[in-house]
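What follows is chain A paired twice: with chain B in the first complex and chain C in the second.
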Partner chain A sequence: MKAFLARPIVRIILAVVIAVVIIVAPITSSPYVNYQLSIIAVFAVALLGLNIVMGYTGQVSLGQSAFLGLGAYIAAYGVRMEWPIVLTFLLCCVIPAAVGLLVALAAARLRGLALAMVTIALPIIGVPLAKRFPDFTGGSQGTSVSFLEAPDWSGLADDQWRYYIVVAIAVVLFLLGRNLVRGRIGRAFAIVKSNEAVALSMGISPYRYKVLAFTVASLFGGAAGFLYIAVVQYTSPETLSFATSINLIAAMVIGGSASILGTILGAIYFVVLPIAAGQIDASRTALISGAVLLAVLFLLPGGLVSLPRRIVQLTSGAKRRGGSTPANQTPTGGTAPDGTAPDGTAPGNTAESAAQKQPK
Partner chain B sequence: MKNSLGPNKRVVGTVAVLGAVALMVTGCTRAATDGGAGTGSGSTSTAAAASPGITDTTLSLGISSPLSGPTAGPGSCSVAGLDSYLEAQNAAGGFEFGDGKTREVTLTYLDDTYDPAKAVSNYKQLVNDGIFAYVGALGTPTNAAIMPLANKDEVPQVLLITGASAFSKDQASNPWTFGLLPTYYTEGNTFGKLLADAGKPITVAVLSQNDDFGKDYVAGLNDAIKGTDVKVVDSATYEPTDTTLDSQVTQLANSKADVLLSAVSVTPLQVGVLTKAQSLGWLPRIFLPSNTSTPGTVVEPGGGAAYPAVYSTSLTKVPASPTFAEDEDVKAYNAAFEAYGSKIASVFTPHCAWSYAEGAILGEAFKGMEEPTRDSFMTALKSIKGFDAPLLLDGISVDTTQDDQPAISGLTLVQYNGKGYAPAAAY
Partner chain C sequence: MAYTIQLIVEGFATGSIYGALALAIVLVNRSTGLINFAQGSMGVLSTFVAFGLIQLGVPLLVAMLAAFVFAFLLGAGVERFVVRRFERGDPDTAVVVTIGLFVFIAGIAALLFGYEPRQFPSLFPPQSINIAGVFVSMRSVGTIIVLIAVMILLQLLFRFTKLGLAMRAVADNPQSAGLSGLPVSRLLMIGWGLAAVLGAIAGVLVAPQLFISPTMLDFALVYALAAAILGGLDSPVGAVVAGWFIGIVENLAGAYVDVIGDDLKIAVPFIFMLIILIVRPQGLFGRKVTVRI
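== the complex of A and B ==
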């Protein structure tokens, strides 16, 4: 199976099938489904940023919602001021990245809990700040915008047009993110995550790479903010709220830390679970969500992305018990074709695992 | 052959295939779900012009409120009271409509945890499922996010449980959106009038939340006392995230004002204000906003009896209060809530009573609805005048005809009497 998947022609066909599904889906789906698909793309981008700093580099960040909200406010402001849309998008990336860089320059000197505390401050300061500048943010009532309406020549409805724009941007950002974590920088992130002393001995400055990871995460957060406005067309201080950060982290762990595919699964979980819980019993959504979270963590400590491997593990285990030859031992902890992390550490305790002395 | 293609050619090939497929499928567009309005729930055997969500025998409503998270209490009540009224009425035979038919009205409720993105998602889900109208949702940001969508889709988004003025003040621009409750501005204004009517010099200290809600209260007060002998001598603000307001209260106590307008919306902080001021020996008359004036959770723990007067505003009878134990409305409410609402909300907040009254207002609108359309519903809803909805206090009635006010704009000023609230005497 693995060899089959590894063949280039199979992978291309798979990619084409997925691409066709992504392109065709909105044409046949209802506006409601398109909204959900678009919002999955939005949070996938935010999660990708979070995964780069937490999953790949092993630094705790509890402030991703602040960058999401900042990007959303910049986008809303840009739309109201009628700035060119491309400029607005670039500002949504650059300003949160600059803020992230400034915070990281100070925060990346810290580690573990101290670092987590600094990043908590961002959404906690962000919410009252957003309420204080009503001219820019619309105050507690938030700000509504109306843009990205489908042009006549496209023959599309607004929800379809927004879906295509949001998904196209998300795909590009995912390709960039994938190249980043698979390349030289990604390897440096992995070493910083596993052992800072070793990184230093190899000429890799942990400090510099941590700052870089934070900046990239903030950039993705800001870009996700733009996409958020494109889909929801509204933002308020609630977007920045600390609870959103925590839910994003839960979704990242659920999907699969340090995995591109896991990021997408995490975003699907983030969006679909509350809907599913609401279908079961709308007054018990928190309870159902909590139960699912626990169930996934117990059964799949590596996240949803480890599900195929887990199934193979269980079935081959059953075969062995059934007396058949253990000819096809599954490689556990190895690199999966989807780019799962080479190290099999359970997500969540990444910060502690990197608790080496920092010789700075 | 394929294997001999270089990577670039492969990409070009992929793109070409994708392009071809995309061109093929763009030919087939979505069938009937365009416009975001859904196609109604099943067979609509009424006139062809019937709006989605209504048949000869049923009408479906939808609501998205916070049912989990910090706002779950009020949010659950905004569903429970409404559901109690609707289900009790259904059990009694259903709602009578202006077109002579009797329909069963169902309510679908979803949880948005006070998150605007989830609220929008829920709204789209409800519309997709074919609701007739979106009613009674609690929350300012969540409703603000939905308002442009509802007005674009022409889906009624009405009788919203929020004190923000944004939902009712510009009904020409947002004809499909309509609030239920008096605004924060009206609360501040009502209290200001009491002071102004006293006709003597009064000094006022103001403590308010540092956002547009707080500003609404203060603006209401200031407009009422303009040009009178009532003067605001000191003011302070706070953030909802503050852990104590002791320094603000100490600052205001130095003004020795006769009256304190304490527009604090966080229950523990409001209790802190009441205890701190008396510990400093400052005993002004105090005005509390309606959402933090419950005797059991605010006034009694704060030692409110020490003050010469504690005022608040009120809309509805309190079902648990002995004062109203024999009231017909309260009896009906308690029975309906026991049967239907108690599985949605476990703790009473005033929102339960408000949303129960809201159910009756909807029933009144249905009576005036001559065609099974959303247009007809909005026309009927906006022509209710002098309707005494159940649980509303004497002197307060529903008037939906003012184009810059919510359905209920009147308020009764009440005064704490040691056990509960009674109508306030003059200053």
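== the complex of A and C ==
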């Protein structure tokens, strides 16, 4: 299966099929479905940012929603002031990135809980702060803007046009993010995650790479904020609340930390869960979400993306377990609870293998 | 002046709530090295147990005692069946586990009782007492006294009982404690149970004022985490003192500093926390840890 997927021709065909599906989907779907698909793309970008700092670099960030909200507010303001749309988008990336850089310069000195606490402050203080400046944010009422209407020549409905714009930007950002984590910087992230002392001895400054990861995460968060308001056309302090951050983390872990495909699965989960739970009973969303998160942590530490691999392991595990498998090699890219999991050997890609925790 | 003193006493009382939760966080952190983000929601669920019993006509004090027993079992059970699997692993995963617990337990409370805030009877009479021209509510005084009593009890437990000694040994060095024959895992369960009881105490103390709902302690938890860092994550005294400090300072800042006001006073503990983290990362009362590579 793996060898089959690795063949270039198969990969190209697969990519073409996916591209065709992505392009054709909005033409045949209802506006409601297009809206949800666009929202998945929006949160995929925000989750990719979170995954870069948390999944790939191993730094807990509870503040991603603040950058999402900041980006959304900047975009709303830019549209109301009638700035050129490209400039607005760039500001939505640059300003949150600058804020993230400033926070990271102080926060990246800390580790573990202290870091989580500094990042928790962003949404907690962000919400009253947003209410404090109603001219900019619309206060607790929120602010709504409408832009990105479909031009006449395209012959598309607004929802289709927005879908194409949002998905196109998301695809570009994903390609950038993928290149980042697969390249030299991504390997540096992985070694910072697994062991800072080793990183230092290899001439990689953990501090610098943590700051970089935070900044990139904030940039993706801000860009996602722009896309968010393009699709939803409304934002309020709710967008940047702590609850959003918690849900983003849950979705990231459930999808698969330190994995690009897992990020997309996480975004699908993030959007589909409230809809599915709402069909049953909206007040059970938290219960279901918490239960799914705990179940994934127990049974599938690599997230949904590791499900096929896990099934293969469980079915062929009995045979392999007798062999001479290194005990501390888990196929889950560092998110395994510890090194003693007795399951199989299938190595992930190089970045994932490098990211595995050394027993301390 | 009377108003200022009143603000200070009120801050003392809210600070006691933060202190109780911070104490719970410190207890858990000392024994298992984890930060339990579910500490608040566990306290809320226990408070809901008291609430349910009161609805059934059980007297308030009995209902509270039942809630504390429930909290102990809940804390011990969570340690045994959920957290233990992740204790020696990656700390980031453990943080996510407690976040999952936080969402899940709040979800249980919401499933049983809904999100609607409801009234919860107070242990203390609603009057205020007049001390030299300063009006102080019985609730504030009661809350402060309860927290001080709890602290003294905990000190007695840790200083003068065999159980307390064993728990300190496990917190200090689980491996040697295990080698000298202590039942480490059972002691960890007891530690988590005690922490959950502290959360429940905070819950029943604050519920009459905030009204009981699944998200009641969310903000208190954030303050408590800040207090735990401010005081030092391994110092119970530090946690309580920092809780009081935060309660008082935020009340005064909210009232007297115009820029901050009532809505932004939650920023105050974070500002102090940031300063402490930069100047003295181990906290005001904490011990410095050197990491061996």
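As a convention for this text, the second predicted complex is superposed on the first by the 314 of 360 C-alpha atoms of A that agree within 3 Å, B and C clash if a C-alpha of one lies under 4 Å from a C-alpha of the other, contacts with A are read in each partner's own complex, and residues count from 1 in each chain.
The working rule: a contact is a pair of C-beta atoms (placed from the backbone, for glycine too) under 8 Å apart; a residue touches a chain by one contact, two chains touch by 3 or more.
As the structure is a prediction and not an experimental result, all values here were calculated from the model.
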item: Which superposed partner A:Ala286 touches (first chain B, second chain C, both, neither); value: both
item: Chain B versus chain C as contact partner of A:Tyr32, first or second or both or neither; value: first
item: Partner chain(s) touched by A:Gly278 [first = chain B, second = chain C, both, neither]; value: first
item: Touched partner set for A:Ile124, first chain B, second chain C, both or neither; value: both
item: Partner chain(s) touched by A:Ala157 [first = chain B, second = chain C, both, neither]; value: first
item: Chain C-contacting residues of chain A that also contact chain B; value: 124, 128, 131-132, 283-286
item: Of all residues in chain B, those that touch chain A in their complex; value: 2-3, 10, 14, 17-18, 21-22, 25-26, 28-30, 33-34, 36, 38, 67-69, 76, 79, 109-111, 113-118, 120-122, 124-125, 127-128, 140-141, 144-145, 147-149, 164, 166, 210-213, 239-241, 343-344
item: Residues of chain C that touch chain A when the two form their complex; value: 29, 35, 82, 85-86, 88-93, 95-97, 99-108, 110-111, 114-115, 214, 218, 222, 225-226, 229, 233, 263-264, 266-267, 270, 273-274, 277-278, 281, 293
item: Of all residues in chain A, those that touch chain B in their complex; value: 8-9, 12, 15-16, 19-20, 23-24, 27-33, 35-36, 39, 124, 127-128, 131-132, 134, 139-142, 144, 146, 155, 157, 159, 228, 232-239, 241, 243-244, 271, 274-275, 277-278, 282-286
item: Touching residues (chain side chain A, partner chain C) in the complex; value: 54, 58, 60, 106, 109-110, 112-114, 116-118, 120-121, 124-125, 128-129, 131-132, 197, 242, 246, 249-250, 253, 283-291, 293-294, 297-298, 301, 334-338, 357
